[in-house]
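Here is the structure we will look at.
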Amino acid sequence: MADPLILFRTMLTIREAELALARLFADGEVPGFIHLSVGQEAVAAGVCAALGPQDSVASTHRGHGHAIARGISLEGFFAEVMAKSTGLCGGRGGSMHVADLQRGMLGANGIVGAGAPIALGAALAQRTRGTDGVAVAFFGDGALAEGAMHETLNMAAIWRLPLLMVCENNGWAEFSRSDTQVAAKLGAWTAAYGVRHVEVDGNDASAVAAAAEDAVAAQRHGEGPRVIEARTHRWRGHFEGDPQRYRDPEEAARMAEHDPIARSRATLLDAGTPAATLEVAEAEARDAVATAIAAARAAPPADWMAALSGVYAPAGA
Amino acid sequence: MAELRMVQAVNRALTESMTEDDTVILLGEDIGAAGGPFGATRGLQEKFGPDRVRDTPISEAGIIGAAVGAALSGLKPVAEIMFMDFITLAMDALVNQAAKARFMFGGQRGVPMVLRTPHGGGLSAGPQHSQCLEAWLCHIPGLKVVCPATPADAHALLRAAIADPDPVVMVENKALYAMKGEVDDAPAPLQIGRARVARPGRDATIVAYGAAVHWATEAATALARDSIEAEVIDLRSLQPWDEATVLESLARTHHLVIAQEAVEAFGVGAEIAARMADIGFDELDGPILRVGAPFTPVPFAKELESAYRPDAARIAAAVRRTLD
Amino acid sequence: MADPLILFRTMLTIREAELALARLFADGEVPGFIHLSVGQEAVAAGVCAALGPQDSVASTHRGHGHAIARGISLEGFFAEVMAKSTGLCGGRGGSMHVADLQRGMLGANGIVGAGAPIALGAALAQRTRGTDGVAVAFFGDGALAEGAMHETLNMAAIWRLPLLMVCENNGWAEFSRSDTQVAAKLGAWTAAYGVRHVEVDGNDASAVAAAAEDAVAAQRHGEGPRVIEARTHRWRGHFEGDPQRYRDPEEAARMAEHDPIARSRATLLDAGTPAATLEVAEAEARDAVATAIAAARAAPPADWMAALSGVYAPAGA
Amino acid sequence: MAELRMVQAVNRALTESMTEDDTVILLGEDIGAAGGPFGATRGLQEKFGPDRVRDTPISEAGIIGAAVGAALSGLKPVAEIMFMDFITLAMDALVNQAAKARFMFGGQRGVPMVLRTPHGGGLSAGPQHSQCLEAWLCHIPGLKVVCPATPADAHALLRAAIADPDPVVMVENKALYAMKGEVDDAPAPLQIGRARVARPGRDATIVAYGAAVHWATEAATALARDSIEAEVIDLRSLQPWDEATVLESLARTHHLVIAQEAVEAFGVGAEIAARMADIGFDELDGPILRVGAPFTPVPFAKELESAYRPDAARIAAAVRRTLD
């Protein structure tokens, strides 16, 4: 069972980092396209709590939470999105490509649906090498329309690979309701491939963690693919700067009621965690983010000569 | 005469074509209610309804495949792929179906569809949202490829593309969407395949397309300060491209530089250079130089991206080098 | 209700044409890759019997039957596969690209799965233009693994387009059993998109026709996509020349029991059709094929100058 | 020393690499039990088991995507796409993922995968089963592209490709699969990027790759009857390609012809020509000529296909023309 306090801390870190990112973006310190997962933190925190160091994760364009939940360096993260040479990717990738291969974080991905077959390949590698590792593919409810999702689930099912597909169902695909784009009901769809699907409250980190732990445990013992559908909310625009004219303002109010962090906090308090502990956690998250930003700010800008010679392995490598 | 941004010129061309011809339909992700990620289709769904301006799922292969089927069935679909990087998902429909249908069905019918897609960097959009992949399409018999550098040409080329009986890809440089320019109220129709002399000159020829036309013009202005008069040719159409205009210019200037935003190696400029090293060989008084992006993915960081992207200085230097 | 005698005739013509093709191929008169549908004729005949001239069909690499059932010229067909200038496609396409746009035959297709989105587009055109026409996409059981199938069915479902997807389930994908490649059960899979699926005996042309008529009638009145799965048998190799070492020889015996033409013949006789009528039909099919082959043989070879100028519409067209 | 067909040389390279390194796995359609559509993987599933020689569903995008993921996770996948025409379905995984991962992840890890795929005509396989699309891949930073002309090079290049820490596409000309040639029992490792002088000569340089190497050699033999000694360079590797060897030859012969089976326009030869029209300009005593396929899809009919495909006569004519 995932420790609720750890889940709380992970979510706090994601939230702090992303809200800071929003400010940095607004201030022009972060360029490019930035897709925040504010409101969806419980999914990243819960799923990644079920994983070990041998497991891997392929993420999406909305991938900060997954990366942070996998334990990437916050400084490396901020340095990356702030385009510094100390960034996880040397400033070459940015928000849509945050990756930490050492931590089994196979990258955010700018191509909707593209992470799924990559995770499939990671699961294939785990199985072929005889490990008990699993691979997770996060995907959005809109991404389900891509052909890659079907090819991936089919191959995972045929080969019984330890692939955990996690749908972050936030109801939106960019500026459209995903139900105007995707006819397939995820549960029925995965059942058609003989794959088990569970739906969880994606705003409840412990529920997500429990579902993921259950799936991963089965997979470590040889079970094939599983699908988790986590219903959650995208609090902000599709990307930073999105005026969200397509959105009913009432939705915001409804979303706030499902804040995964507030809920986690309340549950912890109910369970007797001292308020001070939570406040410490909050302060620590804030500090960690502030420290990381300060370090990233002080770092040198991305280095063109390094980039130029970084396309292929050095000769003789 | 109106002053329009390039994205508005695209919008106007779509509006006009859809008004004149009710077989023209639009397909793409968030092009309808949302008006398109760059606003190119703004207001069109209100005007023409959701059947003619159709918001699609995130299914690039399916979108282009459906456009092929619709085009074979009496419609003129204009599909949008949100970033040119995503055509990687739709190459079968484009290359194996749309491009070949007329030929492989023995001329029974063509595929009168248009694909609009933005390319290019400058937005820190990173390696998967910035590529210029037009050279791929130019290599495919059956496709036509155009790339406007001005609002007027965006309008005219799109009108021509929609009127064309064969599949045409219009590549739109996203850094130019906001660029303003005059668009005639009733411009003369433009023929695909005709280049434009963007700036006349006698000392060297710079061939460019898309955003590089502006860098080339800027380079020519700088060179003029040293009394080097470079002619800038805006190709506008990459497949077919206007060999005659380039050759004619080369025959006057005897020096050739080709500029593009795309990766230099195996890019569009290679074909222009190769062709001129054949049919224009006797005119050449210096090496043919190309200016394009280096052989790396498009980097995210602003500093990296500006080191990466070609510019006027590099073009001017190339002109000087070939004149040397 | 489709006239059983017409179905019989259509199947005979397909069978005669394909067996003749096999001989021509063996004799070196037909080059390239040839995929025969011998044994599967009932599907093509049945489905196309439900269609009218306004409807369209996108086919597969195994497309001769669909083309013939759509009423293409046999002479044009043979001239095409024999690479003559009088071929339907001027000898430029060959077996994998037989098409007759006038007859709504949007082409055989060398790319597995590629016909489906093309048929989707044809259905979209029908709906947009306000006709009551439908579009059919034939596909194989192996093709179901392609992402295009998912994208197509999803879009058809979302947009409620008159797309009839017909699976010719012959158990094989090239040299492999398709159930080793495709986990998704077609019925459950289509149901997940809210699309109706019916399974029919693909060796019974009348049953196929009835299922297709039912689907098409509903679609002419505004219903969206439907899927028909026709179980049938591929009597020959994947392509001509395939030694079929992967195949249990007993399968051949079992297949013969399900010969759609023998069954159709027996049913017609039972229903009182005079044997002479059937013999006449058989003779006519043989004659039609022989006549077409003779004409194709006499035709001039494919014309390179015409091909060279046939990539784009003539200027000013 | 053994005499092998090219397809057997491929098979031997796979066998050796899989024997030496148990992280090498194969993925593809009907490559296992059936031994591959062209027999390149015959016997390997028996030898290495179904986990290392994996028959896949008909899911090209998924296959290459999975190869990327597996390569990022410690395996060395060698994927097969049955016909090069079908890479159109897998371009995202190849171009946006495999090619860019090392760069866009800041050098954390490479993608040591190989894609083997046959190209080329001569089999009346028609417009969707005959294309030569290698120029696309050469345009993409992060990919390497090789194309053998002989069994020995097929073996050596595939061994090098599998050993390479970055993604390599090996394009195999299907008309050459049956070609026989000597393969050393323990050949020296070959470095990707090195051309081979297939035939020495002093009067003109013919650069070619794949099947065109043989046409070029045939052309050179014919020209020799008229005392024209053409040097034939077999590129072997298209990205990177051996600029130094080509330039060195050009500096001796002063005349350049480039031959390829692919469509001439915007093909590989364009880059070679463009580069030599720059760095080799001073060496050129005549126009650079290219011989490639005309701008049409690959036709089905034998007569059409032989009119379509480049051959020795066209290459010889080009040599004569540039020497004129």
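Descriptive notes on the structure:
Read from first to last, the chains carry the letters A, B, C and D; within each, the first residue is number 1.
The definition used in the following text is that a contact is a pair of C-beta atoms (placed from the backbone, for glycine too) under 8 Å apart; a residue touches a chain by one contact, two chains touch by 3 or more.
Keep in mind that what you see is a predicted model, and the values were worked out from it rather than measured.
Under the contact definition stated at the top, the chains bordering both subunit A and subunit C are B, D. Distance between Cα centroids is largest for the pairing of subunit D with A. Each chain gets one centre point, the mean of its Cα atoms, and the points for subunit B and subunit D are 30 Å apart. Separating the centre of subunit A from that of subunit B, both taken as means of CA atoms, is a distance of 36 Å.
Taking each chain's centre as the mean of its C-alpha atoms, subunit A lies 39 Å from subunit D. Touching of two or more other chains is recorded for residues 89, 91-93, 97, 109-111, 145-148, 151, 154-155, 158, 180-182, 307, 310-311 of subunit A. In subunit B, the residues that reach two or more other chains under the touch definition are 56-57, 59, 61-62, 85-86, 88-89, 92, 96, 103-104, 126-128, 141-142, 295-297, 299-300.
Contact topology of the protein chains: fully connected, every pair of chains touching.
Residues 145-151, 153-155, 157-158, 180-185, 188-189, 191-195 of subunit C are the ones that touch subunit A when the two sit in their complex.
The touching residues of subunit D, when paired with subunit B in their complex, are 61, 85-89, 91-92, 94-96, 99-100, 103-104, 126-128, 133, 135-136, 138-142, 239, 262-263, 265-271, 273-274, 276-279, 281-282, 284, 286-290, 295-297, 299-300.
By the touch rule above, subunit B contacts subunit C in their complex via residues 23, 25, 51-52, 54, 56-57, 59, 61-62, 64-75, 77, 92-93, 96-97, 101-110, 141-142, 144, 164-166. Within the complex, the subunit C residues that touch subunit D are 31-33, 83-84, 89, 91-97, 109-113, 142-143, 145-147, 173-176, 180-182, 246, 301-302, 304, 307-308, 310-311.
Per the touch definition, subunit D reaches subunit C in the complex via residues 29-30, 33-34, 37, 55-62, 85-86, 88-89, 123-129, 294-297, 299-304, 307-308.
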